Amino acid sequence: MAEPVDNSRFERGLEFFQSHNAEAAEAMEQALGDIAPDLMRYVAEFPFGDLYTRNTLDLKLRQTATLSALACGGHIAQLKIHLKIARKIGLTRDELVEIFMQLAPYAGFPVTINAVLALKEVFGEPHPTDTQEC
Amino acid sequence: MAEPVDNSRFERGLEFFQSHNAEAAEAMEQALGDIAPDLMRYVAEFPFGDLYTRNTLDLKLRQTATLSALACGGHIAQLKIHLKIARKIGLTRDELVEIFMQLAPYAGFPVTINAVLALKEVFGEPHPTDTQEC
Amino acid sequence: MAEPVDNSRFERGLEFFQSHNAEAAEAMEQALGDIAPDLMRYVAEFPFGDLYTRNTLDLKLRQTATLSALACGGHIAQLKIHLKIARKIGLTRDELVEIFMQLAPYAGFPVTINAVLALKEVFGEPHPTDTQEC
Amino acid sequence: MAEPVDNSRFERGLEFFQSHNAEAAEAMEQALGDIAPDLMRYVAEFPFGDLYTRNTLDLKLRQTATLSALACGGHIAQLKIHLKIARKIGLTRDELVEIFMQLAPYAGFPVTINAVLALKEVFGEPHPTDTQEC
Amino acid sequence: MAEPVDNSRFERGLEFFQSHNAEAAEAMEQALGDIAPDLMRYVAEFPFGDLYTRNTLDLKLRQTATLSALACGGHIAQLKIHLKIARKIGLTRDELVEIFMQLAPYAGFPVTINAVLALKEVFGEPHPTDTQEC
Amino acid sequence: MAEPVDNSRFERGLEFFQSHNAEAAEAMEQALGDIAPDLMRYVAEFPFGDLYTRNTLDLKLRQTATLSALACGGHIAQLKIHLKIARKIGLTRDELVEIFMQLAPYAGFPVTINAVLALKEVFGEPHPTDTQEC
């Protein structure tokens, strides 16, 4: 492992990941820690430590880019992780449905349908107040 | 051509397209009008007439989904059309750079680089006030 | 939901979907009806109401395009739905195997193999007369 | 180069390729002959010598699978080659437009638009009798 | 089925497949043998009989190309088959982790993570000597 | 821009990039420097500073993974940059042809053909001694 002189990216990134989806951060550490510890480090450092913490873009816009890339790439497992982060950031269930419907003309209906089904699984049954906040 | 009983979707969609990127709406009509007129009609009706005019999602979020899907799919010609629409909607050059950088960890750096180069081509040289508004 | 002035596309599309794969139409309505009712409406309206009912192309050719797009995109769940529609349209098991084999040089063997395995699952065991009609 | 004991696949395939698009067969031989002669041989042998000459599927259906895979994969150069083959096989300009429109709901409008523009370039301006035969 | 005059490609390819992953060769024969026997034949003939047995490229380099293509395409089932072949060829667990990490900047982290998880499943728990040989 | 406390990744990465393809490093700095300086920094830091300089994998294997990912993703501009890096690393023209041919059964012939044509453009005409070293 290349010697990390600067741990601030790692710590900053891991904190963002943990505070927005503690369960996934723990599960990924469990899954990758023994076989590919540097991969776990890069995940914490680059997307979370470098990008998510830039404070140069509204987090809802940033998360919309992430969700769209994951849905279009067919990465449903990672999409579910980021749907929970999206909820923490403040995107409502209805906003997320709209975002995924918007992908249909550009990437096809199956991308939209798979993303909406993942959303349904992650968010569970809709609550009466769900369109206000979730 | 299936007889369109209801022209409101088409008219609503075309108006949105024209008011946000008149040049592209005209060019697409020129390119598709003779060989595939129904395709031009569907483009106006479904993405523009059905989705863009829903008023159920902040247009910046909606456009971020579109731009992400086009960048991830490698559709540079369509991305350029939608970068001009993005500018009209109010996304700044700096916000767009951030959106495309956010795609790198999920779809790879080439997607980000190609999108930023398209952005540069569409927006031209940066102006002193460009981070304020574009 | 944008007010649908014209219900003919929706009704025409839903009827096509139901008459070619009633089980999938019902399941999709169940899955999407509560969380994304407009998505279900768009699915009925655009691919089924606009395209499948155009009567401007032999349905076997039209369905071959659909199946190829779904197989190449890795959308196995949607491919299974459309394999049942393909059977209803009159494509035989052997024709479908040939269509999927034809994808191998252009999209790779894994696309072909996954599609053939989906076909096997949908069609079950071959019957003695299966190459005549299915 | 692995010693080819059996030349029948190569000869059968090259003949199919040449008789359906002589110009492309010649151009590919020119482009690949010096740097990757075995690649040219595999192209002649597998897709053309093995698949196109099977006589187990209507050629219009077979070509629809090829065209769909190429359009969905964004392979415009190869799509143009196969559009000329499609014309030779007997697919009309209007049938091809329909096939590409059918891809829109499953792979997105950009795939359809790019394919239709390639078609327009390959087929040139429509002729009065073009919907009858081309 | 086109009459195979020359069986040497098939026999050579099947032998390579069987000697590097007998279980997968048997399973694929079982799965495809009844519904698409020619597909099984092409798999043995083209990738294995034509390419893997060329002796013109170090097998570790050749297998890295295969693994990268499968990971980038999201073909996890085929990736697992080829991870066992990779082990037989002599690629160690640690080399495979490095190869998959190298894909992250060009195809995105989800491609890398999914490939590493497949690797973990195929190779099981790491052994003390695993970095020496596996 | 997030304040970089540690410049060693950037410097190490940029040096690797410059020493393996000075022209591309310069061109990318020119293209991205004004519009997205942090993107240029991330390119230097993550793929080059973190991965290429790990010394944990034979560089030919590492570069094969990069080239395969770029070819499969259709990223021809980036592929050309990395073909020059590949040459510097010691991969010969013939090895590169073999690597790209190996992609055909897993990602389709168009991916292989496009990569070989890019290779031909980058390497120019073959020299008598080219299979020995390039």
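Residue numbering begins at 1 within each chain, and the chains themselves are lettered A, B, C, D, E and F in the order written.
In the analysis below, contacts are C-beta pairs under 8 Å (C-beta built on N, C-alpha and C of every residue); 3 or more make two chains touch, one makes a residue touch a chain.
As the structure is a computational prediction, the values presented were derived from the model and not from experiment.
**Q** If you apply the touch rule, which chains end up adjacent to both chain D and chain F?
**A** In this structure, the chains that contact chain F and also chain D are A, B, C, E.
**Q** Starting at chain A, how many touch steps does it take at minimum to reach chain E?
**A** The fewest steps needed to get from chain A to chain E is 1.
**Q** Same residues or different residues: which describes how chain D and chain E meet, taking over half shared numbers as same?
**A** Chain D vs chain E: same; shared/all numbers exceeds half.
**Q** Higher C-beta contact count, A-D or C-E?
**A** Taking the two pairs in turn, the one with more contacts turns out to be C-E.
**Q** Which angle of rotation, from 0 to 180°, maps the CA atoms of chain C onto the equivalent atoms of chain D, to the nearest 5?
**A** Rounded to the nearest 5 degrees, it is 180.
**Q** How many Å are there between the centre of chain A and the centre of chain B, using C-alpha atoms for each centre?
**A** Once rounded, the distance between the two centres reads 24 Å.
**Q** Provide the C-alpha centroid distance between chain C and chain F, rounded to the nearest whole angstrom.
**A** Between these chains, centre-to-centre, one finds 40 Å.
**Q** Taking the mean of the C-alpha atoms as each chain's centre, how many Å separate chain B from chain C?
**A** Here the centre of chain C sits 29 Å away from the centre of chain B.
**Q** On chain F, where are the residues touching two or more other chains?
**A** 42, 46-47, 54, 69-70, 73-75, 78, 100-101, 104-110
**Q** Have a look at which chains touch which and call the overall pattern line, ring, star, complete or other.
**A** Graph shape, chains as nodes and touching pairs as edges: complete.
**Q** Can you list the residues on chain D that touch chain F in the complex?
**A** Contact set of chain D toward chain F: 28, 31-32, 34-36, 38-39, 42-43, 47, 69-70, 73-75, 77-78.
**Q** For a test of understanding, state which residues of chain A touch chain D in their complex under the given definition.
**A** Residues in contact with chain D: 104-110.
**Q** How about chain C: which of its residues touch chain E in the complex?
**A** On the chain C side, the touching residues are 74, 93, 97, 100-101, 104, 108-110, 112-114, 116-117, 119-120, 126.
**Q** Which residues of chain E touch chain F in their complex?
**A** Residue list for chain E touching chain F: 46-47, 51, 54, 56-58, 60-62, 64-70, 72-73, 75, 78, 94-95, 98-107, 111.
**Q** Note which residues of chain D are touching chain E in the complex, please.
**A** 2, 5-6, 8, 42, 46, 50, 53-54
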